[in-house]
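Each of the two complexes below includes chain A, the first together with chain B, the second together with chain C.
Then we have the complex of A and B:
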């Protein structure tokens, strides 16, 4: 893409005002300009960014408000363990109210909980996409036996009931991880969860990349590189990868919300992270008990989860539209 | 055609054998001892060993697997003498904690899960496909934008949240189903009204999530097909818009949906863990999650896992065969 502009700069004589008429932009600039025009995508990106920043800055925010996710505030609960005051005990000291029964601060719980959820979602998405990329390129570019083996293996994995396996194996595997001294308690549970998500999550993206690599390896620019004697590694890293990045970015932004809600589902079911940690799924599972007395305790976390997943989905759609070469047609 | 089907059936059986073997091997290397789990904390070692023998866990994992496979076709006998009992074919093993043949537990749970899956399947297909077609025919108009909003909300709403909200703020709040009746199994043939009462809202919860993605899929497929040459040809022939839609557009646009719908349905047959949990439905999903969380009842866990895998693999086979009828190009490949 840099070539035409160099040519123009060297030979400005024939088309001196050509540059003024046609703005020359790199694909990145085009995509960014298109993205900027999409107000919904910008707004949802900001919302998502806000939640991520809150999660990242949880200790700072809690420090300023003088709150802790593990500390209980028994003075905010009445004799039945229900929060005192309207809407779940919302007050200046506890902006989102307090947890019924135990008396922890809901804002602090949700902030620290979101750190776990976001970490799991991000690590899972990036790792499974990295794995899918590697395997997809390898089977699409080299074809043959490797491709056939990988294809059969992913068929096999796709037939596996992933949810069941996670439910059934998380408990013993967590014990195994703890026994191996890799991590303890919730750390071990998170390790197991991420491993499972990645293990059962790379196939879709690998297939997509495989089909793209398969068609790309027959294209002229790859054949030209081969004719020039470029090594396989060079072709993959310099010719294929730059063309596959947009797909990866789109897939990343669309798979983040999926893994985010998957994490809360499993902690909701009781096979993910457990108390004293407080992921959104755990809070929701607990909130069902108090839905009549303290509806806000249920509605605030569910509303938050919906807003985050929705904004990430919209952001992903925006990224996809922006990177789509047919976008302006 | 027969050759194609034969090849697919052989492949399916191979996958099934492989999956069952892998599941057995996985549970064998785990640090869980199912025999130890059959009795409480103050269990004597000789009781554990006796139970191990009664459960048939004192032989190698290969033998255990083989006994399981044989039991599926012939039924299985456990223990000797007065304590002997028989699980008739198809035997999925014996749950020591529940003192019940696993096939009996599955037999009780399956109608629940099947009702849930079937009801949801019908709802989401009806809603998703009709909304998708409607939106595609009115592209850019109000209906289309409304359906886009529905798709966004539907795909962003995790089932467990929509389930909780529907249960608490609609069903319980307005007292539509009494708490005692919630999750109660009614035979659809003798008590169809009770059956609908139990399953309407759980099915709706599941259907909402699926309907959204089916709407999106149908809409984009119909729009894409409308731009094809054969549609232009049909128009040039002077066919009415209605005939074109029915006979040409929909037929081509909905063929890929057969694949996805079949697999989604199969996935649900294995148990909708979340929906069953929220609505207290005694289906396969709840059976398996209880087996894990309460007492790690291994025979039940293995059986439900394998059953869920078998549904997916079989539905894959059925979809492939159906596809060979719909699309003749598949047979060659």
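Then we have the complex of A and C:
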């Protein structure tokens, strides 16, 4: 009889030749390889990346085209305030036309507007999903008193009329933020809006994750990890999280456009960002008044919104499929 | 040939595990206590396979999980390699974990569906921060080879394997840290009979090769008879009888063991038709409210007044044959 150490540590014999051909790949590498094969996901990822890059590079693009989001171009409007020329006044100088009534350049408005819109949507989605993930895993995995306390608190928040709260409290809170010198004007309003969205936005996802963590922690693979001596942190990060990411990604790709439009709604209601700054929501709200006379003013921003939302959703689907071990093969 | 030394590797002394049963809801008031394991004493020697049998719900899985400290025992001692680990916390337990491993019943839920086979088998190295001399990847592939899997399959996911192959992955994971004792919690009951034989034989071979000791929890008596050197019979959280396999299967002394053995079908129609079966009446009593006296008295055909009043202690009826019964069989 040989000792266990001898058997396990013995020199590899004939088997060593083919062993070198297979490389040990982590699930992450496998997922990336699978993602690269999904053409739709790659395309939508590129589209989403393009829009984000445009938002990021808005000052550069406007500088090259010699446009400004706040400057008016009265020479492009006729005596009724309508853009001169076909399709909302599209010309070499104004590639997407001009704003009816005031006469600002639409491209510049949308570029600068997307910075605010994307920032709000991204920050709120990521923060609220991160919070939901943290709280959901904690209450699902540790159960007990923490779960009971947090669960009742989230019930309380869910029962709260959040929309009215935002409308009622945004002005005093904005003033408070300004008084504390955190941000000014629109910056302060954005800070307040994001805080509200996150504060009232994490519960649904937390509940979803909690229920998944609850069922997952009873599975034998968690017990196997415990039997190997894994810490709680390792079990959460290495055993539970890989099973929860797909849910988070689907939820993210749904909540990004959700918050994108929520920001528009609150800007429309006068709670969010105010003119002269522009967001996609503000532009759309304004465009509704002109939809008969200048349909392109409504169609261009809404078309862009659709493309962004669609590409984010498809990207989310692609990432989820890539992470699914049963994806293909 | 494998040798069983007289050295005790694991000993359970008066091991008890009670679960609190709560009503749930906001106040979580306690409804009762489930006596899953009640005063269980037995030992496993180095190189030995001990079979732990009993019907569903008798606490055999709980014994296994308590012994690897997945549950904290309510009372009693667990002595592993001379150390009393019953009060050890997670941190103190960690270095011992590599010597004391577990194989799980359901190969479909014991492997994380989002990890590759390589990651799963490697996890022991990762948790303990060790890198074997030949490198982790090489070590993982050798383990896969050892359990009869293709070493090239390290990048595959569990769902690409059959039940028997998955169980082999679970075994490879348990073997990674070179344990001296493996607690196998019904490792074959979720598998087809043909695959059961393969896995049981694999466990047998590994024992011979690596000098492992097993605590083999099962309810399938023929499997237990095949693999075990000694058998412990449990009923409602208590040990009824324990003896060497040969002795227990030929000369059971406890009425419960006798009834249990009579339930094993004989693969010979003539014998099967004429053999006497003992059919127990009634159901397994609730472990929340076990019968007084001997826990088996409600279903025992020999039960008398004494059985309802006095709890029978485990005693040695013949050398290395212990039973807990007032009126043993001959």
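Please note the rule applied: the second predicted complex is superposed on the first by the 257 of 329 C-alpha atoms of A that agree within 3 Å, B and C clash if a C-alpha of one lies under 4 Å from a C-alpha of the other, contacts with A are read in each partner's own complex, and residues count from 1 in each chain.
Please note the rule applied: contacts are C-beta pairs under 8 Å (C-beta built on N, C-alpha and C of every residue); 3 or more make two chains touch, one makes a residue touch a chain.
What you are looking at is a predicted structure, and each value in this text was computed from that prediction instead of being measured.
A.B. asks: Contacts for A:184 in the overlay, against chain B (first) and chain C (second): which applies, first, second, both or neither?
C.D. replies: neither
A.B. asks: With the two structures laid over each other on chain A, which partner does A:30 touch: chain B (first), chain C (second), both, or neither?
C.D. replies: second
A.B. asks: Considering only the touch criterion stated at the top, classify A:221 as touching first (chain B), second (chain C), both, or neither.
C.D. replies: So A:221 only meets chain C here.
A.B. asks: Between chain B (first) and chain C (second), which, if any, makes contact with A:71: first, second, both or neither?
C.D. replies: In the superposed model, A:71 contacts neither chain B nor chain C.
A.B. asks: After superposition on the shared chain, which partner residues are touched by A:239: those of chain B (first), chain C (second), both, or neither?
C.D. replies: In the superposed model, A:239 contacts chain C only, not chain B.
A.B. asks: Which of the two partners, first being chain B and second being chain C, lies in contact with A:229: first, second, both, or neither?
C.D. replies: Only chain C; A:229 stays clear of chain B.
A.B. asks: Where on chain A do chain B and chain C both make contact?
C.D. replies: Overlap of chain B and chain C footprints on chain A: empty.
A.B. asks: Using the touch rule from the top, collect the residues of chain C that touch chain A in their complex.
C.D. replies: For this pair, the touching residues of chain C are 1-3, 26, 65, 68, 70, 90, 93-94, 97-98, 101-102, 104-106, 109-116, 118-119, 122-124, 127-128, 132-134, 136-143, 145-146, 151-152, 154-155, 157-160, 170, 173, 175, 177-178, 180, 208-212.
A.B. asks: Any idea which chain B residues touch chain A in the complex?
C.D. replies: 15, 18-19, 26, 30-32, 152-153, 155-161, 164-165, 168, 267, 270-271, 273-274, 277, 288-289, 292-293, 296, 301, 304-305, 308-309, 312-313, 316
A.B. asks: In their complex, what parts of chain A are in touch with chain B?
C.D. replies: Answer in residue numbers: 155-156, 158-161, 163-165, 167-169, 171-173, 175-176, 179, 257, 261, 264-265, 268-271, 281, 284, 288, 291-292, 298, 302, 305-306, 309-310, 313-314.
A.B. asks: Please give the residue numbers of chain A that touch chain C in the complex, ascending.
C.D. replies: On the chain A side, the touching residues are 1-5, 7-9, 12, 15, 18-19, 21-27, 30, 148, 219-221, 223-231, 234, 238-239, 242-243, 323, 325-326, 329.
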